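What follows is subunit A paired twice: with subunit B in the first complex and subunit C in the second.
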Partner chain A sequence: MTRSPLRIFFATGSWAILAFLVLPILVVIPVSLTDTSFIGLPREHLSLQHFDTFLHSPEWLHATWTSVWIGVIVGAASTTLGTAFCIGCWFLSDRAAMIARWVMIVPILVPPVVQSLGFYKFWVTLGLIDTHFGVILAHTLLALPYVTISVFAALTNLDRRIPQAARNLGAPLGMAIRTVILPSIRPGMITGAIFAFIVSFDEIVGVLFLTVRRVETLPKMIWEGIQESVDPVIAAVATILVFITLLVTAAAVARSYVASKPQAS
Partner chain B sequence: MSNPILSVRQAVKTYGKFRALDAVDLDIREGEFLTLLGPSGSGKTTLLSAIAGFTALDGGVVHARGGDITPLPPEKRDFAMVFQGYALFPTMTVAENVGYPLRVRKWSKQDIRDRVRECLDLVQMGQFADRMPNQLSGGQQQRIALARALSFRPDVLLLDEPLSALDKKLRADLQWELKALHERLGVTFVYVTHDQDEALSMSDRIVILKDGAIQQEGAPGELYDWPRTRFVANFLGKSNFIEARMAGREGDRLIAEAAGHRFAVKPAAGAPETGAGCLALRPERIRLGRPGEQAFAGRVKQISYLGERCQVLVDHDVLGEVLVSQPTWHAGVRPEPRMDVSFGWDAEACVPLTDA
Partner chain C sequence: MNEKLRYWMLVLPALAVMILFYIWPVLNIWGISVTEPSAGLGNYTRMFDSNAVRVSFVLTFRVAAITTILCLLLGYVLAYTISNFATRVRPLMLGLVLLPFWVSVLIRSFAWIVLLGRSGLVNDALMDAGLISTPIRFMHNELGVLIAMVHVMLPFAVLPMLTNMRGIDGSYMRAARGLGASEWRAFREVYFPQTLPGVFSGGLLVFVLSLGFYITPALLGGGRVMMISEYITYQIQEFLNWGLGAALSVALLVATAIVLLVAARFVNLRKTFLERS
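== the complex of A and B ==
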């Protein structure tokens, strides 16, 4: 492999862009280790005191737990609904199904503020303001496009004759879906569920519109914390979030690597 | 016909203006190897799909063992199908694939294990039971698809161009195997293909379809020797077409005149016996000779050497280009391009067609 100047130029450029994307995220790590009582870089020495504060604060832990269980329910609900929708569209595969899939993507295109305003007006009528159910419902609707994109991508790779073969061999439609289609598109469903969880876990605009005091999620708590004070515990929380995200992503990548291995041999 | 195992009556299927099936009647006898042969768009796959229950007919009925199965969903019909591209379940091992119809039928674990082994042995794939489908070659996947379809002992096996994705040599091997399997099991095979060699080599009976309608049906030799239309004569093997004037019968033979020669042909039902007619003449029924040896004089235009056979395109003033196929071993004349030759054929070599 020759190292031409052009090649070196592009390689350097790529790494510089990558650094620009990643470094602002990593800056929270030194800030979270600060020994000061306000947001800033460490002065004298590194300290874990803000992590300690986080782990011993009932409010922070409660908000974290709320975000986690809401995210898990949103992941499960949107994956179930999105997968059912995709399989239906895949079987129909006519013009109406294609239009339905496009309509499903719309929430990604609409500005979050506009969408949240819509949720707010409607949720007031339904009496869902400041309820966990209201947040779960809104997040499920926001996460559905990501699930349908990921699941439908898995379905387009599936041979249409495979469910036909299952039915021909004696399986009724429901059984064919359960035993043949779902196992084949599982990677797409898992990716969709992870996306849905992340969408819900760091969603802030909708939560600010739809909740008052009773529902407290982690992003909302960070937001309020920054407004009220400059407590470095926020940087500690951010650091924990970065590491959790890294772990989840690494797990997903490792999974797909393991899954692709037998095919390579 | 004695007691068809499956019959289709007046089957119609349209997609918009396109008539995929146009009032098709078909009876399938128990135990036969029936091939539906036709070019793409002829309706052969639609017909198979209607029998399997994947295509809802716009008109007509499908009967199996005398009962109407038209409204039944595919899973209630008990016909196994081997799909184009095999359609093996990618997340299951070979053994799980083959055992799938048995699990659906709630067989016991032990029975499933025994039957799966038996079926894999039947297709010589016993040692591959624990592999995943994507670890197998095309020919191996084909065998697994066959084992899976046969595992629940269906009465009828439907095959949709099962060999089309394989290379030529493997295809020829599997043709022998399929034919042997058919004879061993006595299962009725309904085989869809666009490949005339496959149809000729395996079938008990061939049904030729075109534009959603049956053109002609019969045993391979019968169809090859007695095509009724230009389409059949040219789709099943190759044919020369001779525009002739039919001069009526002379005894039990029919007299035809073309290019100043009179010759006898065997009468065929439905073909005109007087006036303008069209004769089909197989290339291998024409003899080449040195100038003057045979009735027609011509000049070699092109030669295509195929190893066992040699195809020669001969120009004739009136008949136009005539295709001659002769064995390369013991050929009477070794043709060269631009060589003057003569050609001719025996009485009854030509077949009168109905669509003159």
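== the complex of A and C ==
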């Protein structure tokens, strides 16, 4: 490979940009290990005291657990609703179905503060303010666009003649969906479910509008922590979450290296 | 049962929930804006007369535009390298783009506060090195908001451009080079025009998301860089002014819709939003 100026410019530029993307996030790691009681780098020695605080704080643990189980329910609910929706649209494949798909992704386009204001007023009349169900319903609506996008992407790769063959051989619609369509779009459903979980797990603006004291989620605790105090326990929480993301991403990268090996050699 | 009706039975639950609990409440904001605190268009006249609102809208559009341009420039370099040069490190580079994408916006903003604050790590390091004697203000101003916004939005610009560049046939470039064009000229006249759909797609995505962005500007701006989303919550939380908040929300929605309508002439909206990979 020749090393032309253009090539050198793009390669060095890219590594610099990647450093800008990744390094600022990693800064939470040394800060979480500080031996001081304020946000900053460790002074005398490294300390795990802030992780200890997190692991022994009923509030933090309870908020974490709440975010996890709400995320799991949102993932299940939005994947179920979204998959049925996509399969219906895929069979219909007409103008009305196209409009329905556009309606479904509106939450991506509406600013978070605007939709939360709408939720708030409606949730007040429904009596859903400061309830877990209210948060789950809001998060399910916000997750549905991502589920429909990834499930529909999986459906576009599915040959229409396959479910048709099952129908022609006498399988009722329900059976054709269960035994033919669902198994072949499973990767799209899993991606959608993961997306839905993360949308819910990270969501903050809706929770700020819709909850008061009874419902505490992890992002809400972090948000309040950033605004009110300079407690390094937030850095410890951030480090744990960054670490989980790092492991999952590293596993995905390693997998794609393994997958690409046979073609390379 | 009619076949078509059965398909609609699958579509309907999700669609009904979406229309009833999302579309309807959002449309209802218009109702709030003309009824609270009193019936009429009072909120809208106040909004159009207010200097603070005008300042906030101009700020919002400026920050969104600068963020979009920076994301496109940086994102293009990244997407181009990943698709064309970096065969062996491609998965690693992709992973490094996706890692920040999966870390929550709240935590990324927190990291920037730790770095850019008055006694943040950057100021500490510069003072320890003796380069400055008083802390530089990196945040609670537009600079800090822009740095963090570019950081948050960059993956949204890179991913559509990558999808686009993946579909570009390398033989055009080789033909141009074979016919004697310099590498730069082949890039400019043959490759770059083919990447414009991806550039527009990524740009629109970043711009629309930036217009309504709340978390990062609110945290890095410290109340001094009030973009329209923060202005809305400020009106509601500080003054319980739901009417004006609702009118501003309608204005922000209309602004977003206009951006999308104008963009529809240059951008394939279906590919940008519905068929995002």
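Everything that follows uses one rule, which is that the second predicted complex is superposed on the first by the 245 of 265 C-alpha atoms of A that agree within 3 Å, B and C clash if a C-alpha of one lies under 4 Å from a C-alpha of the other, contacts with A are read in each partner's own complex, and residues count from 1 in each chain.
The criterion applied here is as follows: a contact is a pair of C-beta atoms (placed from the backbone, for glycine too) under 8 Å apart; a residue touches a chain by one contact, two chains touch by 3 or more.
Please read all numbers here as calculations on a predicted model, not as lab measurements.
Student: Subunit A superposed: clash or fit between subunit B and subunit C?
Tutor: Aligned on subunit A, subunit C fits beside subunit B.
Student: Once both structures sit on chain A, report the angle subunit B, subunit A, subunit C from C-alpha centres, rounded to the nearest 10 degrees.
Tutor: 90
Student: Comparing subunit B against subunit C, which has contacts with more of the residues in subunit A?
Tutor: C
Student: Could you look at A:Ala166 and tell me whether it touches subunit B, subunit C, both or neither (first, second, both, neither)?
Tutor: first
Student: So, A:Ala76: does it touch subunit B (first), subunit C (second), both, or neither?
Tutor: The answer is neither, since A:Ala76 touches no partner chain.
Student: Tell me the contact category for A:Val180 with respect to subunit B and subunit C: first, second, both or neither.
Tutor: In the superposition, A:Val180 touches subunit B alone.
Student: Touching A:Ala238 in the superposition: subunit B (first), subunit C (second), both, neither?
Tutor: After superposing on A, A:Ala238 lies in contact with subunit C but is clear of subunit B.
Student: Can you give the closest approach of subunit B to subunit C, taken over C-alpha atoms and in whole Å, for the superposition?
Tutor: It is 9 Å, taken between the nearest C-alpha atoms.
Student: Where on subunit A do the contacts with subunit B and the contacts with subunit C coincide?
Tutor: Correct list for subunit A: 173.
Student: In the complex, go through subunit A and note every residue touching subunit C.
Tutor: Residues in contact with subunit C: 4, 6-7, 10-11, 13-14, 17-18, 20-22, 24-25, 27-28, 31, 39-41, 81-82, 84-85, 87-89, 91-92, 97, 100-115, 117-119, 121-122, 137, 140-141, 144, 148-149, 152-153, 156, 173, 198, 201-202, 204-205, 219, 222-223, 226, 234-235, 238, 241-242, 245-246, 248-250, 252-253, 256-257, 260.
Student: Considering only the defined contacts, which subunit A positions touch subunit B in the complex?
Tutor: My answer: residues 159, 161-162, 164-173, 175-176, 179-180, 183-184, 186, 262-263, 265.
Student: Which bits of subunit B are touching subunit A when the two form their complex?
Tutor: 52-54, 73-75, 77-81, 83-85, 87-92, 100-101, 104-105, 132, 134-135, 148-149, 152
Student: Mind listing the subunit C positions that touch subunit A in their complex?
Tutor: Touch list, subunit C to subunit A: 4, 6-15, 17-19, 21-29, 32, 74, 77-78, 80-82, 84-86, 91-100, 102-115, 117, 119, 121, 124, 151, 154-155, 183-184, 187, 208, 211-215, 219, 229-230, 232-233, 236, 242, 245-246, 249, 252-253, 256, 260, 273-277.
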